[in-house]
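What follows is a pair of complexes built around subunit A, which joins subunit B in one and subunit C in the other.
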Partner chain A sequence: MSRVIVARIVFMLAAIFVVLTALFFGIRLGVGDPTIAIQGTYATAESMQALREALGLDKPLWEQYLIYMAGLLRGDLGVSLQNGQPVLTQILAVVPYTLDLTVVGLLIGVVLGVPLGFVAAVRRNTKLDHVIRVMTLSGVSVPPFIMGYFLIIIFVIGLGLFPVAGGGELDEPLSRMRYLFLPGLSLGLIMTSYITRLARTTVLEILSKDFIRTAKAKGLDQRTILVHHVLRLSLVTIVTLVGLYATITIGSSVVIETVFSRPGVGRLIVGAVAQSDYMVVQGTIIFYAAFVGIVNLLVDLTYTIIDPRIRYE
Partner chain B sequence: MTAPDIVPDIPESTTNRRRRRLLVIVAFFRALPTMAKIGAAIVAVAIAVSVFSPALITHDPTEQSLIDRNQSFSAEHWFGTDRFGRDVYSRLVMGARYTLGLTVTSLLIAASIGTLIGLGAAYNRGGAFDSLVVWFVDIFMTFPTLILGVIIVAIFGQGLFNVGLAITIAFLPRIVRMARGVGMNVVGNEYVEAARAIGASTPRIIVIHLLPNILSEMAVISTLWLGTAIQVETNLSFLGLGVQPPMPSWGLMIREGLEELYINPWPSLLPVLAILITVIGLNMLADGSQDVLNPTTRER
Partner chain C sequence: MSDISAAPILEVENLRTHFTTRAGLVPAVDGVSCTLRRGEVLGVVGESGCGKSVTALSILRLIPDPPGRIVGGEIRFRGTNLLDLTEEQMRSIRGNEISMIFQEPMTSLHPIMTIGSQLTETLMLHRGLSASGAWDRAVEMLRLVRIPEPERRVSEYPHQMSGGMRQRVMIAMALSCDPKILIADEPTTALDVTIQAQILTLMRELQEKLGTATMLITHDMGVVAETAHRVAVMYAGKIVEEASVQDLFAAPCHPYTRGLLASIPRLEASSVAAGAERARLKEIPGLVPSLVNLPRGCAFAPRCTYASERCRREQPVLEAIRPDHRTACWEASQLATEAA
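Coming up: the complex of A and B.
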């Protein structure tokens, strides 16, 4: 068990290292220039050079790289090129918002998606199944920002129920939830569509297995078969793929945060890319890699609980 | 998937290869469920529009006109005009070319390179090249496609070409993984061993002997990603990191139109509909194709 955890963590660190290194050199050799982003296109060559020296961007690339990596080992992500704030502080300030959003999105997805997929599979080719299929097909086809605007039109413009922009106060649960409702629902509905489709396919596959026929043949009632044979077996696959969908969720959260002007890691990275703020881009990428790595680890651990046959030796 | 799997009823005597291939395609479409046929029709229309867009437009899609701002539907401007007085119908039609052309081209490039790399890895199964490929694929699969796209834009800058690059790189690992899996099924065949025995070089075996056998399957698999690729393009354009004004891409049109949503909703609503219909059509086609190609799940 512990070996699997160690292997996962080693892989996660390797992934972060490879991508970070590629990003570090790529972004500095690329087209963006933070000094233009700060001083504007009318800045003189001297003032830009002075700024470059102040930011440490005049040093050779390998030296900048060593400085950054040495800082990283001490847990120092550097300071933003744009506002001079430590990158770690900036990221930690918005992480709760992004976690709220992704966790709620996935939660809605699982809570609605698994039962819906189950029902659709059991009632295959009935009207109910067709309705669920058409709705989920639309759900996976709609870009997240469009889903966001649909909800804004219904709940904010139509019903006037929820605030449209912002993230609320972190230490006031009520305001936090009020601001989370629409973005969470947008993401949740999209995830519901993905997970419903997945659950339906998984359950259909299990229903076609021989042991289900055996269970029917020995006279078990439908309910027992579904609960004891189908549900338990389908959970393993569903947990695996929900882990995979956590990646889609975090990707979509970037767009959702922009639609609702919600603070978050996604807004941070989009702003940093537009301003060529190398340090913040690097820091946020580390966050994303770590997020996905931790989710995968959790998925591995969940297996052993659901399926007793899987034991990591 | 080889031809006989889907269409066992094509007589072996049909020796003309081109004719045979055509029959396979026709039979494939016949075998699709109704939903997928509707999807195929939608996709065909979308592709036709993007191919013939210069002939279909009524105005220059980037030409602004101050007097014609925010007009509603008329004989002159079929879908009205946006806040710069540009013809929405023409922008929508041209947008199909940018959005579809960009995503299809990028995916095609990713599919070509990815298939070769994946095949090479499958042929080298367990070897150093294979391990390296698998390792890289695993690393890049860690990141969501949209975030990979954002990284590429961070390095290479915004604009049409770079969005294409972003889509190519974002989907490359996914296609490599698929090609490796599909390739595994064919590398064990006897004719590969025979080719090796008569001294064929590795590139020759991969390109002449292996590639043709997985080509059709990879073509279908790559198409399945098209809906997702369109979403990446629209999302990047929406974030302001994609196609830059005044070029008409559907994602950009939505972004621009949203600023005046309350005054004139059509310039943003119409591209929303266009994206929805196209992507739903693509996904309907993809769902159906999967059912036909994978006999074990055909019952679904």
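Coming up: the complex of A and C.
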């Protein structure tokens, strides 16, 4: 098993290397000149050239690449082209906010979605099932930013319960949670809708299997069948989806972060792309790729716990 | 062999189970009456779709509703009508007093639970055994169905076993609470021929040892001949003939039974050796009628060479033609004299 984990980490590093290399050249050939973004309308040919030299952008691409990679091996992600701050510091400053949001969003999604999906499946075609279906269909149809504004209208403008913008102080858990509530709920409600629908389908499929008929023929009651025979098996499918959502969510968190003016990786990378800040974009991409790799590894490891048929040797 | 004149343990009377489908109402079981006696093996035979499995599932009240529903009749187990019981009372009978094994051993076991936990579940529920007591009993049951190395196998998963082994596990599971009745729904159909023989032998030996009254559902007359004491032949949701195995094979009364028996291939040493002209295998002409739109009279009449005007007009009733031999055919006595 540990060999498998090592192999997966090596594979992940290789994937990061490929993505980073493609990005490194792609962004320099495709996106605008950072010197224009920095100096704006006051730029002259001379000042831009001077800045390029200062930032090392005048060197041939391959040389820039080697310098960057050599730095990376030492754990140096370079400095921002915009403000000269170390990229790593910038990323680490916002990563906790993004992880907070992703984890809370998915947690709400699983905690509400799995039981709702079970109830909908067991009470199939009853009023309750129809109500759940309409709610989840609305949930998956509403774009995240609409959900965000909707919650702002209720909880901030209407009830005045929560702060509307910002992320709170990192070292103050209570303030962090207060600021996290609405964005987390926006994401969580959307996740709940997706997970409910998936859980319902999964449970219905499992309930139609031969081994469920066997369980009934053994005299087991509905509760035992659901808890012992259906739940664990349904987790195989649900974990796959949650892993997939985790990677998608972290990539698209910019929408929620923007609505709530929250610091986060999404806003960091969008801002960096807009300003052609190559270094920040590269650093953030490394973080993304590592995150995706780690989530996939966790999902695969979870499979081996849930499903004895799956073994990695 | 068990005493076949023993008292009935299960009496099915005029059972009717209907399904609502888009094509219309399907009377999958339409007035089935049969009796299972203590210690006997009752073979229920018929083509696919004749209602044998639905009869079996109806007895345990496991018909999925919707679309199915038991609309009439009685199922008396030791005198109690199972159709009057609450769902909770019914659960204490399933897997305990009456248990069932299914056709598909590959899919009938839970894929991610160990054999042991699937076996102990029933034992702890119905027998109130402790976890360790149930585990010991599970190992003992696996030994009974002759699974090698039961102590090791008990902690394995179904995917680590072959189809034959899984069916042995199903049998062990079904017999673990010493049921009064075992319903076996085509237990060997999905298995290789050699494995079929092993499983049938095992079932026969266990039946003789434990004396469990067994309802063996099959489409295979050969299986019936080897295993059953009595036979009920089903056609289009009804029993058309019921007799002891010897009687049925020696003197089948219903034309459908005759057709079934004539369609069994036989290896006759003389004809194979001599290369003589081989007799063409007899088939029953025509197809099983759609249950949505059954003929008014006898459902078999359109395929029957002996059908009379009366057969097409009036449904025959199941009547004794000899002691312990019943058939539902207007022409039965006529046919019996012809045969004699």
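Quick notes
The rule is short, and it goes like this: the second predicted complex is superposed on the first by the 304 of 313 C-alpha atoms of A that agree within 3 Å, B and C clash if a C-alpha of one lies under 4 Å from a C-alpha of the other, contacts with A are read in each partner's own complex, and residues count from 1 in each chain.
Rule of thumb we're sticking to: contacts are C-beta pairs under 8 Å (C-beta built on N, C-alpha and C of every residue); 3 or more make two chains touch, one makes a residue touch a chain.
For clarity, every value in this text was computed on a predicted model and none was experimentally measured.
Annotation for the three-chain superposition on subunit A: subunit B and subunit C fit side by side. When the two structures are aligned on the shared chain, A:Ile306 is found in touch with subunit C, with no touch to subunit B.
When both complexes are overlaid on chain A, the residue A:Phe211 reaches subunit C alone and has no touch with subunit B. On the chain A superposition, the C-alpha centres give an angle at subunit A of 70° between subunit B and subunit C, rounded to a multiple of 10. Of the two partner chains, subunit B is the only one that A:Val18 touches; subunit C does not reach it.
Within the superposed three-chain model, A:Leu233 lies in touch with subunit C and out of touch with subunit B [touch as defined at top].
Once the two complexes are overlaid on the shared chain, A:Ile91 sits clear of subunit B and of subunit C alike. Contacts of A:Asp221 after superposition: subunit C is touched, whereas subunit B is not reached. Of the two partners subunit B and subunit C, it is B that touches the larger number of subunit A residues.
Once you line the two complexes up on chain A, you'll see the smallest CA to CA distance from subunit B to subunit C is 12 Å.
Of all the residues in subunit C, the ones that touch subunit A in their complex are 60, 62, 88, 91-96, 99-100, 102, 104, 107-114, 121-122, 125-126, 157, 159, 170, 173. Only residues 136, 138-140, 142-147, 150-151, 153-157, 227, 231, 234-235, 238-241, 251, 254, 258, 261, 272, 275-276, 279-280, 282-284, 287, 297, 299-300 of subunit B touch subunit A when the two sit together in their complex. Residue ranges on subunit A touching subunit C, taken from their complex, read 209-211, 213-221, 224, 228-229, 232-233, 306-309. Interface residues of subunit A, counted against subunit B in their complex, comprise 11, 14-15, 18-19, 23, 26-27, 29-32, 124, 137-138, 140-146, 149, 201, 204-205, 208, 247-248, 250-252, 254-255, 258, 269-270, 272-274, 276, 281, 285, 288-289, 292-293.
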